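Below, chain A partners chain B and then partners chain C, in two separate complexes.
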Partner chain A sequence: MTAIIALSLFGISNLFLGFWFPRKTIQLVTLLFLVVSMALTVSDWNHELLWFGNMFRTTNTSINFSLIIQLAAFFVVAFSKAFGQDDEHTHPAEYYAIMLFSVVGAILMVSFDHMIVLFVGLEILSVAMYVLTGSDKRNLRSNEAAIKYFLMGSFTTGFLLFGITLVYGATRSFYISNIGTILTTTAPESMPSFLFIGVLLIIVGLLFKVSAAPFHFWTPDVYEGAPTIFTMFMSTIVKTASFAALFQLVSGIFGSLYTVWVLPVYFISMLTLVVGNISAVYQQSVKRMLAFSSISHAGYLILTVSSKQISTTSSILYYSLSYTLATVVAFAVLILVSEYQSARVEKPENFSSFEGLAKNNPGLALCFSISMLSLAGIPLTAGFWGKFFIFSDTFSRNIIYPVILAILMSAVGIYYYFKGIIAVYLKAGEIEKIEVPTLFKMALWACTLGTIILGIYPSLVKSVF
Partner chain B sequence: MSLLFILFFPLVIGAILLVAKPKQAFAISLIASIIELVATILVLKDAATAENGLVFTKPWIEEAGISFSLWVDGVNGILIGLCALMVPFIVATTANSDKANNSQYQGLMLAMQTALMGAFLAKDAFLFYFFFEASLLPIYFLAAIYGGENKNAITFKFFVYTLFGSLFLLIGLIYVYLVTPGSHSSDIETLYQTATMLPERIQGNLFLAFFIAFAIKMPIFPFHTWQPDTYTVAPTQATMLLSGIMLKMGTYGLIRLVLPMFPLGIITWGNTAIILSVIGIIYGSVIAIQQKDAKRLLAYSSFAHVGLMSAGILSQSLEGIQGALYQMLSHGINIVGLFFIIEIIERRTKSREIAQLGGITQYSYVLTVAFVILSLGSVALPLTNGFIGEFLLLKSVFDHDMIIGIVAGISIILGAVYTLRLIQKTMFGNFSRITKDFEDLSAAEKWVLIPLCAFVILGGVYPTWILNFTEPGVQALVSLLK
Partner chain C sequence: MEISNIWYFLSALTLLSALMVIMSKNPIHSVLYLVFTFFCISAHYVLLNAQFLMAVNIIVYAGAIMVLFLFVIMMFDLKKNIPESKSSLTKLAGSVVAGTLLVILIAIVRKNNIPAPLGDKFNSQTGMVENLGQVLYGEFLLPFELVSILFFVAMVGAVLLGKREAGERNF
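Now for the complex of A and B:
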């Protein structure tokens, strides 16, 4: 919990550091801040405590989620190369500060014990993201994406808030634990019917954030318009945080209302899988493909939501971690390649600009391919076990057809992820050696190694979760 | 420990080759594969004397009851032996070619060996699946980077098709695994016990899921459409790995997983599967007769041979399984030799078109003799290794159902037609424009072909020591079926 106080202070001090120090220093300091906050997060391990008038709860699960979020933030900061090269128009200190603030929001979302904390956390995270999406001020697409994201996001927040209000009206409590007790002790028939609408609205509000179909329409455009580094941030941190919140609510306090939401949730998960995977097949742009891939991964995760089993928590954590590691690498290589190609081709983010990458940049090609393999769920990578745990968890609850659909869809996934590998290794193209900063390179290899180690020995973290 | 060594040694050397890119890739790779062969022979010797075979177990994902366990018994011993035996030859076939000192190429081949070894050695079903899938990566890159015309589309189809098939296997495995008592276990022997208790309808569905996965891998009609193109387009060594060793993962999966797990499923679907396999034999042979490209002809012949193995296995008899194991070994040896001969011809004449070749016997006597011996092994003439396997397989299919047995028996005639036609058109007759001045075999090429021919005859004359080695394992397996 001290982590969120520390991160807020770090964020403010970052703003001031911008007066005196160049970007490079601020980047290193921000990394240091994140390491400190991760250490502070770990120090709460095995102390289940309530804070701030019982509104905030730290459990081992929430700590694990916060660690994944901060790890993702760490890599995003380490990869933040694309912006801040020209200091006149970009404000590195501010962006790093905003990133830290949004991490605070994300941590609030995974450790709330009070509905208002969930709402505040979501708002902190989202407002920060609206700013970051539009941070490439002179780019029309970035501005458009920011507006779009903002409008959609505020709409969603309205849903969530409305849902919270209705649930409060029915249970007279904002506290998760109280609501949970009331819901389990009262027979569903004696509940006011608007409770069920409230529950569904809350779920829809959060599904919006994880970009589940049919609430996904903003995702490809916003992901494509935003500077790639913030797309990376969105597709990992925002997703993990919203997903953790959803999981906590649905399988925790709303567990007794299983029959109310189970069908919509399964329907949405299957729709998300189909829409995400099938649309991804048709993308020419790697960035848009990754946007749809993030939609499809949301589909896999939603499949597991509806269980109260302990093993599911660890599966979701494992999946989030493996997805995060692979996604940041994919975006990082995309940043490098599109930066290199931006002066040379019209559409630097297309698959075609990756062609022939392996020839002079074998390291980048390898990292990119491993991340694609992991996202596709091929053995030897973390993604395989992520999918495996999710399928076996879902299967163990006798949910057969959605799992079969998910497995078929993961075969579709191979198609578009392999487009990347084929472009990198098998197509001929002229890409010279791309200069990669040392820090960037280290982060790239750390993620790639992480993906492989988790792929070979998943128990390493699975036993911790 | 020795099991771990034979599993990971090729991968370690392969990784060194891939990363360090040494100049003498060929020598390193050849020596490594020979060390691997010697180590494997020692392991097999231990396994033959040990009471219940060799077992190695370490927890892997303890929370889920998944362990890293390996074993060697009569059933997989022969496949491990085949894998260890053929890789040195496959490596040796690159001698003096542009791929000899290509460290990436050699490294991928050795990585492939580890994946294949892993699939054969695994005692845990998910470990099996892990290697079963992982083997696709090195072979995909071998074929896709070094392949011939239109390689991207063809190898991609191969990858997606086979991976799609194995996802069915994954569904089936997870299902059976979740039925196991307590905190679940995926040990193959535990799965035997739980799976056989399942009701007939479920066993039938699971049988289908497993069978589709293995049928795509082997391949069995009608799941074979990826195979001829991939075999043709892949570089020869990749084709050898695919047809000589990798397709045996499918037949091995049938023996190891499907037979003991779903006896009731086989009652429902076994006949259908056998009929499909036999259709594959006839279909593959008839198409092979019409092929113009020698490599493609061999691809179809491989497709025909594997159909008979699958039919024999599914007949669930001792002879069928023994015959299939023996045939896997012989087919591995013969097909690698035959593909190498086509490669030799192609290197010298730049062509695989049967119509353009001919008269090579006038220039290279040894090549002709080797070609004839290997072909006769493939046709299953008595005194060659192919005969023992095919005989046992046909007998088992015949015992199972006489009509299917007769139809399958036609395959011997058809096999003789396309194989002898291939020899006649390429080796005998008048020399053509491109076979004129055909260069005789180099020493390295002889070093590959002569031992392979010796195996063909040795296997045909003295099969008992191998059959005796496999018998206890197969006997144990068959006793589970009754």
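Now for the complex of A and C:
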């Protein structure tokens, strides 16, 4: 709980630090801030409490989600090599400050106990993301992405708000625990029927943020247009936070309205899997492929949303962690390669610019391949166990057909993830040795090692969740 | 006149002016209709006994934000004809989706008995500034403070996007 206060103060002090310190120092200080806030988050462990007039709830699940979010933010900051070309022309303090603030929003979204807090958290996260998406000011694609994200995002916020209003009208409460009690104690037939519309509208509003299939049209353009470092931020933090909020609402308080949302949710999940995976096959750009892959991973996660078992919560946490580690590495290598190629080829983010990476950069090639293997779900990587836990959980609840489809689709996934590995190892190309800063290299290896360790000893983390 | 008649009149007016916002060809007219819509909504706040919200709504939305809107529209070149960007299929799909939602909402309103107003039990002081302040600084302290972070992010973002940075590439 103290983490949100600390992060807000850190964000403000970051802005002041920007006056005096060079870029390198501010990056290190931001990393330190995130470590401190992670420690503060951990200090709430096993204290299941309500804070601030019952609006903010800390449970071990919410703490785990907050930790994954802050870990992702930590790696994004570590990978933020340069905001600009040299010290004179850049203002990195603002970027770091906005990142810290958006982490506050994300933490609110995983530990709210009041609809208003959910809404404010979502807005803090979204507004920060609109700004960061458009921060490459001279790039037309970035501007287009920001406008697109902003318009679509604020439109769906309207859906979420309308849903919250209808649920409030039906239950006369904003408090999650109150709504849960009211919904479980009264028969659904005696509730006003606009309650069901409200529930579906809230689900739609959040599914937009996790970019599930009928609401995914913004994702490829926005992910491609945004600077890669912020695409990394979006595809890990925004996704985890929105999914945590969705899971908490759907499996928690709306659990008794199972019949209302179960069909739409499974339909959306299957559609997301098909659209995400099939479209990813046709992409030439690695960045766009990763955008579609993030859509398909949302599909796997939505499969689990209807379960109330404790084991499901831990599967989701495990999946989020493994997905975060792998995605962060993939984008980090993409940053290095596309930066190297930007002066040499026309489209530096295509698969073709990865060709021959292994020859002079064996380390980068290895990290990239391991992250691709993990995203594809190959054994001995974290991604395999993530998928395994989710599929076995869903299967044990007798949901057969969506799981079969998901397994088929993850086989499709192997195709496009291996396209990257083939480009790196088997294709001939000329890439000289790419200079990697020390901090960047350390973070890269930390994530890769994390992926492998989680793949070999999944119980290491699974026992904590 | 009955209070509910005023409500019906106001609602019809609100819907009409909101429709005119999206239907009028001239953007300046759109903005003026939008101002009118905000005034109608403020009148609704008065009916709901929320005078402070009414005042804030007029000052912030009808005042500040609409002036900004007008400025932006004046800066655009309105003479230029912007070609229709959406295909008729997209338009059709949009109309079908929106129409379905409208039908569902109307069906729900007709199906449910709208609860009667509270009448005498209603506390007439609810929407007053003093009570609002007590709620904001008491029960709703956390969201109230969080909104300040939201505005701060928006402010920093505006400065960040507006600031001129030398050099060719920012990333």
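Definition applied: the second predicted complex is superposed on the first by the 458 of 465 C-alpha atoms of A that agree within 3 Å, B and C clash if a C-alpha of one lies under 4 Å from a C-alpha of the other, contacts with A are read in each partner's own complex, and residues count from 1 in each chain.
In the analysis below, contacts are C-beta pairs under 8 Å (C-beta built on N, C-alpha and C of every residue); 3 or more make two chains touch, one makes a residue touch a chain.
Just so you know, these numbers come straight off a predicted model, no measurement behind them.
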Notebook entry, point to check: Based on the superposition on chain A, does the combination of chain B and chain C result in a clash or a fit?
Noted result: fit
Note to self: On the A-aligned overlay, A:S314 touches which partner chain: chain B = first, chain C = second, or both, or neither?
What the structure shows: first
Next item on the list: Could you tell me if A:R23 is touching chain B, chain C, both of them or neither one (first, second, both, neither)?
Entry: neither
Notebook entry, point to check: Does the superposition put A:H114 against chain B (first), chain C (second), both, or neither?
Noted result: second
Check: Between chain B (first) and chain C (second), which does A:S135 come into contact with in this model arrangement: first, second, both, or neither?
Finding: second
Note to self: Contacts for A:R57 in the overlay, against chain B (first) and chain C (second): which applies, first, second, both or neither?
What the structure shows: neither
Margin query: Looking at A:S193 after the superposition, I want to know if it touches chain B, chain C, both of them or none. Which is it: first, second, both, neither?
Written below: second
Notebook entry, point to check: Hey, in the superposed model, what angle do you get at chain A between chain B and chain C, Cα centres, nearest 10 degrees?
Noted result: 150
Notebook entry, point to check: Of chain B and chain C, which one touches more residues of chain A?
Noted result: C
Next item on the list: Report for A:K239: first if it touches chain B alone, second if chain C alone, otherwise both or neither.
Entry: neither
Margin query: Just checking: does A:P227 make contact with chain B only, chain C only, both, or neither of them? Give me first, second, both or neither.
Written below: second
Next item on the list: Look at A:E94 in the shared chain and tell me whether it touches chain B only, chain C only, both, or neither; answer first, second, both or neither.
Entry: second
Check: Once both structures are aligned on chain A, how many angstrom separate the closest C-alpha atoms of chain B and chain C?
Finding: 34
Item checked: Contacting residues of chain A [partner chain C, same complex] -> 8, 11-12, 15, 51-53, 55-56, 82-86, 88-91, 94-95, 97-98, 101-102, 104-105, 108, 114, 116-117, 120-121, 123-124, 127-128, 130-131, 134-139, 192-194, 197, 227-229
Item checked: Residues of chain A touching chain B in the complex -> 311, 314, 373, 378-380, 384-385, 388-389, 391-392, 395-396, 403-404, 407-408, 410-411, 414-415, 418, 422, 425-427, 457-459, 462-463
Margin query: Under the definition above, what is the set of chain B residues touching chain A in their complex?
Written below: 59-64, 126, 129-131, 133-134, 136-137, 141, 144-145, 151-152, 156, 159-160, 163-164, 167, 170-171, 174-175, 177-178
Item checked: List of chain C residues in touch with chain A within their complex -> 104-105, 108-109, 111-112, 138-143, 146-147, 149-150, 152-154, 156-157, 159-161, 163, 165-171
